[in-house]
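Read through the structure below, which is laid out as structure tokens, and then see the notes.
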Amino acid sequence: MNDNVVNRDGENHLRRRSLLAAAGVLGLTGGAVAVTRGEPARAAAAVTKKITIYAENLPGGLIGYGLTRGGATVPGPILEMYEGDTLEITLVNTTTQRLSIHPHGVDYSTESDGSPFNDSFNAPGETRTYTWRSHEMTTVAGRRFMPGSAGYWHYHDHALGTDHGTGGLAKGLYGALIVRRRGDVLPDKQITVVFNDMLINNRTAPNTPMFEANLGQRVEWIAIGHGSLFHTFHLHAHRWADNRTGMLEGPSDPSLVIDNKDLNPGSAFGFQVLAGEAVGPGAWMYHCHVQSHSDTGMAGIFLVRNADGTMPPGAQEAIDRFQGHQHKAASSAAAATATAPTHVHGGTGS
Amino acid sequence: MNDNVVNRDGENHLRRRSLLAAAGVLGLTGGAVAVTRGEPARAAAAVTKKITIYAENLPGGLIGYGLTRGGATVPGPILEMYEGDTLEITLVNTTTQRLSIHPHGVDYSTESDGSPFNDSFNAPGETRTYTWRSHEMTTVAGRRFMPGSAGYWHYHDHALGTDHGTGGLAKGLYGALIVRRRGDVLPDKQITVVFNDMLINNRTAPNTPMFEANLGQRVEWIAIGHGSLFHTFHLHAHRWADNRTGMLEGPSDPSLVIDNKDLNPGSAFGFQVLAGEAVGPGAWMYHCHVQSHSDTGMAGIFLVRNADGTMPPGAQEAIDRFQGHQHKAASSAAAATATAPTHVHGGTGS
Amino acid sequence: MNDNVVNRDGENHLRRRSLLAAAGVLGLTGGAVAVTRGEPARAAAAVTKKITIYAENLPGGLIGYGLTRGGATVPGPILEMYEGDTLEITLVNTTTQRLSIHPHGVDYSTESDGSPFNDSFNAPGETRTYTWRSHEMTTVAGRRFMPGSAGYWHYHDHALGTDHGTGGLAKGLYGALIVRRRGDVLPDKQITVVFNDMLINNRTAPNTPMFEANLGQRVEWIAIGHGSLFHTFHLHAHRWADNRTGMLEGPSDPSLVIDNKDLNPGSAFGFQVLAGEAVGPGAWMYHCHVQSHSDTGMAGIFLVRNADGTMPPGAQEAIDRFQGHQHKAASSAAAATATAPTHVHGGTGS
């Protein structure tokens, strides 16, 4: 795998353009979401945003989505919209294989389903437009509300290899999709982490992405599951509410607060943390908590730097240990993953 | 498998008598739940309803529950009650094997546990009565409330084959049980979908049930997991709140909104959608999102017709594609399911 | 396995000292949490509590945590604190292997991470102090709240066998950690139940713990998942809200009410039931609802005695059946667990 594709230190994820549909209205300048931390978003009325996405072959047999020709990554770009917005996506298939883009959570007619079942895909070399709409909650006879589109969703191929896109998913055709409710708190930085069979963002330790933030920055995680295995996502020293925003509405919000959550195929969830809140800076692990998975490479680093961006004591040593010593598969764990693809790296035992 | 047992187009599920315990009080006429869409239920005081359920052998080695002699189906009938109601179930075992009926969520004494552990089962040919009660929430020292019985539950055999009913579950002895809170919004149509090892309602694609509704109808899904494998339930182009009703209480309801949810053995959940809301009519897929499971047959069709019941453009073509082309197992996916029973149908590759 | 380690009838779990950080302030007398059932806790300001935990070898190749020398158990002691409290844990490693203690949910700096990655572990024979802090929710720009530490968490080894503690978990180095919000309802009794690969508290049926309570007692369950397999926890005849407390805040609390929940590696949840509420006393089963797991030994008994502590009719007979007849693996279920460690006991078929 090539660092031009997925930067080892994860910076490309954090710097990656987050495509907010209402970006123009918000005055975003095309880079990371530009907000004052903790400030609610001030968005105007619903907008329609037209974008082009390129599906491209990448080194190492991967295929990715990108917002520019030659700019594909694994995972693909984070796409964002507010409830009520529409995204018109022109997907350019630069490969020689059938593929598509299928979203979760948003509204689309059968032509934009992204499934061969509905004859909705790009033939090799074909360009095709998919339209994703969204809506706010609507009342039900004055009693309850049908939910709107807001959520931490995702998009992925649904046509390469099988009618369910199993081949496309294996190669990296996936990314995060966020639909916000107006007024939602916006983050400083964003991270997409995809547990895809025994890989994280199609990498294995110690080459998994290292995500970075400075102490106190509001970091938004979008976690996505793919493939055919079950997983649990765990982040050290941080926690979140298991609800739509990851935050509590107040003292009577009954939501569970967790730091470990099932992350199974087709599911996604998101949350925001203040990097190092109440724990301080340092190199913190995120990993699958299925023991046979973490032992064989499903782990990575969330590096929380000092507030001024300098390295905190001990962090470089932890990173060095991770490079050289971690993730030797325990023989006792191997039995339980006999059916899983093995991605054991050559680290020496600790 | 026989269309008298499980109608291929799923109509028997949608038309099936939903047994609301308070049916007499509500003036229901014995067919589908008769309500004005979106209207809250107006129910009288708690009632006791006595019913007879027949456990019967079915073609293809299946065993089902039914409300009439000769009327067993897989899944069994949807049973419903309001919090406070009681169901007295006389189970007639017409088979030559030990079996039982065990409910989730409701109240029962050890004699109605449905487990050999509590000596609560029907011997071959035996008739036995099980009593299921329910209750409303109760206050806890003025601070919080112990939950009532309301929920999307299920019932199943707990005695055939093993003391946990593994044999009965494999053969089809399961069904949905709904306990409503007074005032809950009632649906127009109801669907039971059971992920049971590698099968959906004990069928595999393309013979999985096709559920039908007209555009705008309020359709209630009850999803149940059984067997020994993990699954995720995904429905295209529709979403729901991950809470008791699938709807939001209002803008401060923190519930996650999802379109993909873990559906593991012994679990059940339910939700209501407005068929085709914000997306229009069409043939929409529901499937397990574990790639090796969808690729080998865990997928089906939710056909949303036009509001007048006619077929929308493209829907028949999609159905035809589903019949002939779908669900060829990808060789890359096969490894991960080596331990799972294989139910690959003979569809040609797409 | 030795009854000094894990008492077969589970009484040691129920009687085990629950270490409430604010115990002195609350006037607890060192035994079970002393509260009037249903009464909210009245706790004073945040406190710092210093304790010593011993990691010790146990019969049968197990290793456990204990609050006294020679007092280690599997699971370890239930540790409790209120939001704002601090626990200073001096861990004495009496074994010849590297090990640690790593908590979920609470606040700790990298030195207390309990991971080799952060050079935070006890060498063989070493004593080391770990500090766990906690905090209340904090407001976010006047709109929402970053969650506090309250939750049903757990702690475990993160260093024995592999850098993720896979060996320590397999041997029993795990326990429950509860962080309460001031005012939370306190229980009469507490139960820790750990699904660890194919074992419950490192035991298999019929030697799994039998937990006991009298009718109407408020019993708090803390369920924890470990290992490399997926599980679902089911309790017969009782249910709980799937939220932070297991209770509802009121009629508009949207929480799901459930009696079956995924219990996968690294996850924990807790809830309180009134023993036998609305169902009466009796021997009730708890078990993994994955059929191949319950059939091969992942089941146990929750014995609800009469309010005066006497045995209810039929309970002893059920216990006797459980000892002799249960959990013969069905051959049909065996295929699905071919990759799992097998822990089949020698019970005769039923």
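Chains: A, B and C, in written order; residue numbering restarts at 1 for each.
Just so we're on the same page, a contact is a pair of C-beta atoms (placed from the backbone, for glycine too) under 8 Å apart; a residue touches a chain by one contact, two chains touch by 3 or more.
The shown structure was predicted, so the numbers you read here are calculated from the model rather than taken from an experiment.
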Subunit A on subunit C, rotation in degrees - Cα superposition, rounded to nearest 5: 120
Proportion of interface numbers common to subunit B and subunit C (over half same, under half different): different
Separation of subunit B from subunit C, taking each centre as the mean of its C-alpha atoms, in whole Å: 32
Shared-contact residues (touching 2 or more other chains) in subunit B: 230, 241, 245, 248-249, 253, 255, 262, 339
Complex interface listing, subunit B residues touching subunit C: 104-105, 107-111, 113, 115-119, 133, 135, 137, 140-141, 143-151, 153, 161-167, 169-170, 197, 225-230, 241-245, 248-249, 253, 255, 262, 264-269, 339-341
Residue numbers on subunit B that touch subunit A, as the complex places them: 38-40, 183, 185, 230, 232, 234, 236-237, 239-241, 245, 247-262, 274, 277-280, 282-285, 287, 289-295, 299, 312, 314-315, 317-318, 321-322, 325-330, 332-333, 335-339, 350
